[in-house]
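In the part that follows, the structures are each spelled out as structure tokens.
Each of the two complexes below includes chain A, the first together with chain B, the second together with chain C.
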Partner chain A sequence: MQHAVETQSLTRVFRPKKKKEGKVVTALDSVDLRIDRGELFGILGPNGAGKTTILKILSTLLLPTSGKAYVAGFDVAKDLLEVRKRINMVSGGEISGYGLLTVRENLWMFSQFYGLKSKEAHRRIDVLLDRFGLRDKDKEKVRTLSTGQRQKMNVIRGFVTNPEIIFLDEPTLGLDVNAARTVREFVVDWIREDPNRTILLTTHYMMEADELCDRIAIIDDGKILACDTPHNLKKLVGMNSTLTLSVGGLNDINDFGSIPGIGNFSSTKDAEGNATSLRFILEDESAVSDIVSTVLGKGSKILSLQKTEPTLEDVFIKLVGRGLE
Partner chain B sequence: MAVINDLRLLKNSAWLGWQMEANWTDPFLFATYSIVKPIAGTLILVFMYLVITGGETANDFFSYMYVGNALYMFVAEVLFGVTWVIHDDREHYMTLKHVYMAPMNFYVYILGRSAIKIAITSFGVLVTLAFGVLALGVGINLGAVDWLLLAPSLVVGLLCICILGLAMGGVSFLTAKHSIGINEGLAGVFYVMSGVVFPITILPSWAQTISKFLPVTYWMEVVRRAVVPEAMDGLAASSGYDVTGMGDMSDLTLMVLLLVSAGVFFVMSIGVFRVADNIARKKGKVDWTTAY
Partner chain C sequence: MSESPLKSNLRAIRGRAYPRLIGSTREPSWFFFDVVLPLFTIAGYAYVYRFLEADAEFIGYVVLGGAMTAFWLNILWSMASQLYWEKEIGNLSLYLMAPTSRMSILAGMAVGGLVETTIQATATVVVGVIAFDVIFSLGSPVTLIVVFAVTMIALYGMGMMFASLYLLLGREAYHLSSLMMEPVYFATGFYFPVRSLGFWAAAGASIIPITLGLDAMRQLIFPVGADDAFLSVNTEIAVLCVLCVVFMVLARYALRYMEHLGKTTGRLTLRWQ
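Take a look at the complex of A and B:
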């Protein structure tokens, strides 16, 4: 089957205007990506990594310096119209819009650029305004909206044309907690609704990438360092979950070492000697129940229990050698 | 199908343009502005004429000049208006990026957005001409106007200027800062080289060669023949030589020359737009603003 997005050695170099001013920036360096239909694919990377540059190339705003990029099988450098018919893009923090139109008029206008029938456009606008809690604003002028409201309107603008593939460039940037959650929930619902839809999203929020994406490409300095499911990425770098228990009345720590699925295990008694802190590195998540039943089997009480998952941040630090923020 | 879609787009983007023009001020101010501005601009020229000739306005040459000047308003306003649309979408509404990447005919969109500007300018031209006839004795005689010549030449000329504006709009992708200056320069070339207020025959011969490639040159001549035929005849008779440099051409020849030169400009303009568009995508300038 044809990929929703495919890039082959995609490279983009920015040269300074005058030779002596500034230096040549390789924003993308031989990027190879294959994104299937139905995927919610994330590109995770720090500021200046090249995330926006990829999206600009895929959305026909920017030409590659070398290499190829295909959207729905069409070359983004040549088949502009075919690509444009199938895509839309939303950037976080985006406050664009015809300020003197109402919210509805503005959304309708953009739907017209995509040749939508007016009736269908208004039907979709209704649904989306409701979903994003902007229904009461539909007759307000765009210029009177707050920044966050404008941004939500722009998210609607992107989805109202029902694109096959949508590019979301840090879509929750600058939104408050609730609005960000609305956007994330919508994005997940949208992609599950139709297996032919594809989302390519960039972010530098680890949690967002982890929570939303089927697969993630980690990019730094224009290079893809890894690309896999969040789960596999964490495994890839040899990270395991840890389970930490605080246990009361524990007399011996025999048997814990022989529970299957445990990679490593340590124990420390607290100062008064009442509680013991046990820390397990889990190679297999199913070891948790064995650990708990072993503790209880010894007649001890569990005072607290905490399971820590490895985060993408751990993955990132391991791959890049530094943190993300 | 494609044509129907383009017509819908033309209508809708014209509506958008109308919302913007009608929005900026109340109707009374708006009407005043679109009457006062063209007349004020024209009066400057009239005063210069009076000072230089020390004479009369009710003569053939004044009619020649006045009509050319009124018609030139189209050149200046449309050329400027089209670029302004791109500038406005880019800098003010920040929508250019999305407009650009929409699967629509960008030319049609720009044309639609500019339509209201053309309508307003047409109104200004009519007001100016009426003012000329009533207050200054410009020799327009409605009975003598050659409508059959006027209508097609107006359409061809306006289309040609629109498409030229589009090419300039494309260039403004690249030099957001300088595009207004480039436009004024281009408008200036037409003003001097196309026989707007004085015949091209007073230009040096090298300049006249350039004039002969400019569609506006033929446009001015054809429209004058259609609107003030008597003054044109009178001018030719009184000066005793081919004062416009096109006196011995028939109306048909002029129309053909207008069509051909407009066609060449049309093709060239689309070429310029495409090249500019391509460079803009190569350099990543489509969604830039001058703030950068």
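Take a look at the complex of A and C:
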């Protein structure tokens, strides 16, 4: 099957206008990516890692120095119009549009560059304004909107043309919790509605990448360091999950050692002797239900339960040797 | 996107023209800044001509020239500088990413600016005529419309060409606009017949389409205009037609060159470059 996005040894070098003015920057270094249709694919990396450069090349705004990039099977350096018909892009912190136009007018204006009939454009705008809770703002001038409202409008701008492939460049950057959640929920719903839709998302929010993405590529200094599902990436760390329980009325801990899937466990009584803290190293996630059953089978009461997993930050630190921020 | 490219591009032109068309209704202060304030300059020249007891037509020349300055200002500050502004506010990359002709985007800017400025210029003429009791004698309205049309097409073609060049110049664009404002006011004969400059200076100034357009309009509107004419109306229409083609072709070439250079160097999308 044709990939939604494919890059082959994609390299981008920025050279200063004059040698004295700065150094040569290799923003992308032989990047190979294959993103299938229907995927919500994330690129995770710190500022300056090359995330936005990839998107600029894929959206035909920048030429690669060497290598190839294809979007929906079309070469981004040659088949510009075919690529452009199928894509759109939304960037975090975007201030596009005109402040003296209303929200609806701005969205309509951008839809016209994609050849949408006005009636159809307004129908889609209505649906999306409702979805993002901006319906009551559609006649407000854009310059009166808050940052969150403006970013929601920008997200609508990207989706109103119903692209096959959309590039989201840090779409929740600077948004409050509620606005960011609205955007994330919409993104997930949108891609699930049609298996031919594809999203390429760049972010440096690990939780966002973990929550949204089917697969994630971790990038640093223009190089892809790893590319896999969030679950498999976490396995790279070599850390097991841990399960910690606080249990009341537990007198016998002998059976816990024989539960399959447990690497190790420890127990500690609190000072009053009323509760026991149990900590299990899990080699197999399915051991959780057996542990809970065993505790309850002894007539004990679970007071609290916490499962801790390695994070994408642990993965990043292992791969790069420093944190993401 | 299954529609014909022509329809799609017409939609793009309409879309980009819209902010300019609607802008004047949202910002009524334009009447003060774009009509009332320029009247002071017009009044200054008008009183000089009156003091010198020049023919009444000269005051008409000044009113017409004063109205036409609005188009030149629109070219400099709203057409030529526009792509640079669009880059600064983040719209340029969205325009370039859209599946439409870049010339449609520029044409939309031009159409919007032309309509907006025509309203301003008409208001200036009306106020100027009332204030200074100017008498027009319009012999051939059709020829006047033709002259105005080819002047505007050539002028906005020049603006479309400048838009790409300004983008390449970046922040230097401000200085270029300032540099081209007053000398062009002088050389194109906004407030006096350009023939006064001598043939070769007037011929050089004719690269700015307003020079010939204004000269032709004066001949068509004022009875003694032909006496002060630089070239005949028909010759000026012919030269303006050539300028239309030249500037449109150059605009297209400059836009392609700018886009390619920008994509090669990254200067199109990085605001600080």
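Methods note: the second predicted complex is superposed on the first by the 293 of 325 C-alpha atoms of A that agree within 3 Å, B and C clash if a C-alpha of one lies under 4 Å from a C-alpha of the other, contacts with A are read in each partner's own complex, and residues count from 1 in each chain.
Everything that follows uses one rule, which is that a residue touches a chain if its C-beta (ideal position, glycine included) is under 8 Å from a C-beta of that chain, and two chains touch if they have at least 3 such contacts.
What you are looking at is a predicted structure, and each value in this text was computed from that prediction instead of being measured.
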Chain B and chain C placed together on chain A: clash or fit? clash
Taking the superposition as given, does A:L116 touch the first partner, chain B, the second, chain C, both, or neither? second
Touch check for A:L101: first (chain B), second (chain C), both, or neither?
both
Checklist line | chain B versus chain C as contact partner of A:K318, first or second or both or neither | finding: neither
Of the partners chain B and chain C, which touch A:S59 in the superposed model: first, second, both, neither?
both
Winner on chain A touched-residue count between chain B and chain C: chain C
Message: For A:R279 in the superposed arrangement: first (chain B), second (chain C), both or neither?
response: neither
Contacts of chain A common to chain B and chain C in the A-superposed view 14, 56, 59-63, 81, 84-85, 87, 89, 94-98, 100-101, 105, 109-110, 112-115, 157
The residues of chain C that touch chain A in their complex are 1, 3, 7-8, 11-12, 14-16, 18-19, 22-23, 26-27, 89-91, 93-100, 105, 263-266, 268-269
As the complex stands, chain B meets chain A at residues 5, 8-9, 12, 16, 19-20, 23, 93-95, 97-104, 109, 278, 281-282, 284, 286-287
The residues of chain A that touch chain B in their complex are 14, 56, 59-63, 81, 84-85, 87, 89, 94-101, 105, 109-110, 112-115, 157
Counting only contacts in the complex, chain A reaches chain C at residues 14, 17, 56, 59-63, 81, 84-85, 87-89, 91, 94-98, 100-101, 105, 108-117, 141, 157
